[in-house]
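A single structure is presented below for examination.
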């Protein structure tokens, strides 16, 4: 059994990590921390009463045992870049679920996250933890920057197209809808029940920090820079992201052919399910799973491809994907604790 | 006091009509009918206990008193076109909330509604009841075809642009999200609580019967045929439609200028609220109102305009708009019972 | 038109007061305040855009015009007792929606609200604003203490029984379930969407500050002290309280007779609807109304009476009842702006 | 690996059975049936795409392979009693999740289920599958009648008290609140999203068919007949039952002592979690688990004990408990696939 730790156990991602790792055959969680709370994990998360005896306290590098090999950072951005360098120096491997290491340019980081980057040194070493695209790099990485929830759904939805028909892509619109856990667990008025329930809205229209992340990694799989139009919306549900993606192509497309392209691209992937033509993904079908469900439709008269892509933002969009990355890094069965 | 009737009181639109008309200063509901139920309206709708003594029974033309001047048809499509001709012959005016008279071509109707049209004669006499565009025609109409809920939000969101910059419009995508009451009140598995709650999905992708309706009426306000890409989604809430509309333009746009165009277009409209730049509509802000809230955003680098448009599908998207039409037809204050 | 003010416009009760008063024929809101926010009311509450030009700022007695006759205090407890004495001294009448003046004993107040009472002088002058029981006192009151939401549903459910069969009552259990707006509009983790949605729990079991309020006013209508067992629960909905009340009687009861007692007790009340035997109240039937819906059932073998009582906590449980009180105080039509 | 079958795969309980059994180390599902649908299970339940290759067709005894040892009947009442006798005759063991074999008296069955019982012969052989009370009988049973969801939460909440202090119990009130999946998966108006969402109500007040079931099994663990007052309510959530149970005792009780009694009673039970004094169960803490969380509180002045008991109605209240029973019957680890 390998020992791992979770930094940020009081958030939804930290909790989901623990839930999944408690079922993992090869891994044991021996360290958990949180900054604003301490005590038994089963007091913070009463649903885990009887399932864990772990206690948490504020993060303290010196309290992490030598035999802890890997740490998951399930903390807000800006916190990760303060902790990660120390852990890496102490020869721990790190999977960071925050946004701190996703953009590869300190100016972009400052522009989109509103604060200076503090760990320029590791920024370019961090490997983007999207296994379907970067599995080989993940194997050897010491620092994984786990993808954002929106980017996971968007990039998985677009990757087969851009990898094979990048030149024909004229413009991309991503109309994404997320449940509230995507925003973390926090005490703010906009995320109070009375404001979210029976409501729906767009926010950060064309101005969300996940847009440059999507651009960056899509550009890596095609031969020209990609610049998407990204509009997120807030759904009155706990979990799940559905991205409806509109791609304007500059030539005719055949739906059946495109379906084959996608089928082929993901044929060995355990967590991407391409739906049969005519079906559409539903958030309840991916809830509490590591799956990404994808469907295709077209308006051939206008050369428009409509891709719908659904994930659970806390699993494939965060903690499940982080564990998938760990499984790859250590040669565990890739689906362990995830199927 | 003018006497009116509601055909289809057991549905959500019929009920909303009654709720609003009970507050109307100039109108009294004296006839209500429903096909599958009979008895006191307050038994069908217990929240109206003490508010109405009306009883309902199956529709029967001979039971409608001579002094009933107008009938609202809040029935499923195919039913309206069987009832409306008889009412018109009996010299009643009719406001039909179904889809039966919206498309102006029996082939289109058959294609999208899957059944033959039975009232060709009145099809072209029916006036499309969207006051912001067709107020003058509404005044004189004997048969109003009340707009669909999706088309109301989409057309109001697009009309100022198409009326003033139609030539520059290259393509239109409407990503619409609706609460469940848009589908009516019915006992089907896909609309059961267990299937809809904590779920979200697209449906009838690029294939919804409201698309040709949007095309038809948008074409009337610009000088070329319009063909939108329309993708509806089902929200786990009772009421409301938010349409996020993406317009690809073939030249640069200024957000501020476009905002002025919209401001000007709707400046005398009592029920369209153009939000200040930077704000976004939320469904809770239009719930149980006859408002349509609209906001604009742009990606100037790609000549993309993003219009968000929110209504309550049962009010501005159905019953409220029907009453607004009635107010216009009879010279009542246009906002009576709606503000 | 009479001028009134609302202190605490940024909360749900303050907002509901304004929504209702905007429709009131005899009253105009000319003053609104909030402590943590300022600016146009339509910025705090965007759904009121176009409906009001009011601006709010922090409460300041000197800014309230002489012609403002009445103030509604829709503020948290402890705030009211600091403001009310000054307003009364300035010859304003006051309707307080907080808990500050409900218990008539400073020790009880300290015990249940955890802080010393600061306005002993006015405590006993405050009239409990439950019109169905204290209408005559309300007419003459200068300070109304508006009932709590739970007590309104509980007392209206129990009053006819206690007024007529008080001696036979052996014990009372109130199992109450409330939507989240009962807790006010606040940014706390327990009321965040992620914690409340798809959840349900009891809280403050046998230990809620509304229990002594219920005891106090029930005792006034029977001839012995009443001590209820009160267990509140949190429902994942925005609005509404359903109280299921179990009364152990010490002799046989006839359901039909009891129904007559209730029917008679409330026969002239505009806002209490006794449901027919066999029906049960539902929260959706009282949502956004000032009604209290009540039903009765019995287990005759065990002399048990089961009373179910439903209100909208923001209307009959707060703002609607406050306006009903105002209507009584000033001789307006009691149902004005409420039906 | 043992082979088992599920009759009624298209319902929520059938689906939950399959989800759990797919993770079971000792069991393989090789037969599934449903009456109104056929085809791939992953078409009926798209979330299981890629997880199972099972196909279903209408129930047919002759199609069940000889090596299928056990069948779960996840069908509506009246269907089970037609199928079970045939399966028993064919030497299969049966776990029936319907209500058909719970009441031990055909007159009671007819009274509460409204139809004649068709399998008198097996009625008294069926063992009530509540492991915490009847584990020894379960081991040897060929026919298990799996407890109802409400009875599971109620009986587990009351058993320690009745087993130890039965004589002191004067009366019992069970105020239960259930999510919609308790009613099964069906297309009816009262369970449509629009009717359930943002609503709450009591139903079948003192008149629900689970009341005699609770009475029957509680009577078995105390020395006098028990007759509870049972009032169920419908919660606008998918899963979970919280029962708030009020027990009037005829002598003083100590909360601490009662807590010890419960602690002791359940000390070896893997699925009952007695919460620390001061805590309360929440439905989200038992969702998708086989746990029953229980808490105690008292009003010592009135000798009233308040027990709150929470389960997931589809797991401990149905399918999880059925698997727990199977594990006991076959000597598998009792928690297999459930923890």
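For reference, chains read A, B, C and D in written order, and residue numbers begin at 1 within each chain.
Convention: contacts are C-beta pairs under 8 Å (C-beta built on N, C-alpha and C of every residue); 3 or more make two chains touch, one makes a residue touch a chain.
Treat the numbers as computed from the prediction; the structure is a model and nothing was measured.
Among the remaining chains, A is positioned farthest from chain C, on the basis of C-alpha centroids. Comparing the chain pairs B-C and B-D, the larger number of C-beta pairs in contact belongs to B-D.
In whole angstrom, the spacing between the mean C-alpha positions of chain B and chain D is 46.
Computed from the mean C-alpha positions, the centre of chain B lies at a distance of 37 Å from the centre of chain C.
Listed for chain D are residues 195, 198, 236-238, 282, 284, 287, each touching two or more other chains.
Within the complex formed with chain A, the residues of chain B that make contact are 171, 173, 175, 177, 195, 198-203, 205-206, 227, 229, 231, 233, 235-240, 242, 244, 246, 248, 280-284, 287, 297-299, 301-302, 304, 306, 308.
Considering their complex, residues 12, 180-181, 185-189, 191-198, 236-238 of chain A touch chain C. Across the complex, chain D meets chain A through its residues 46-47, 49-51, 198, 273, 275, 279, 282, 284-289, 291, 293, 339.
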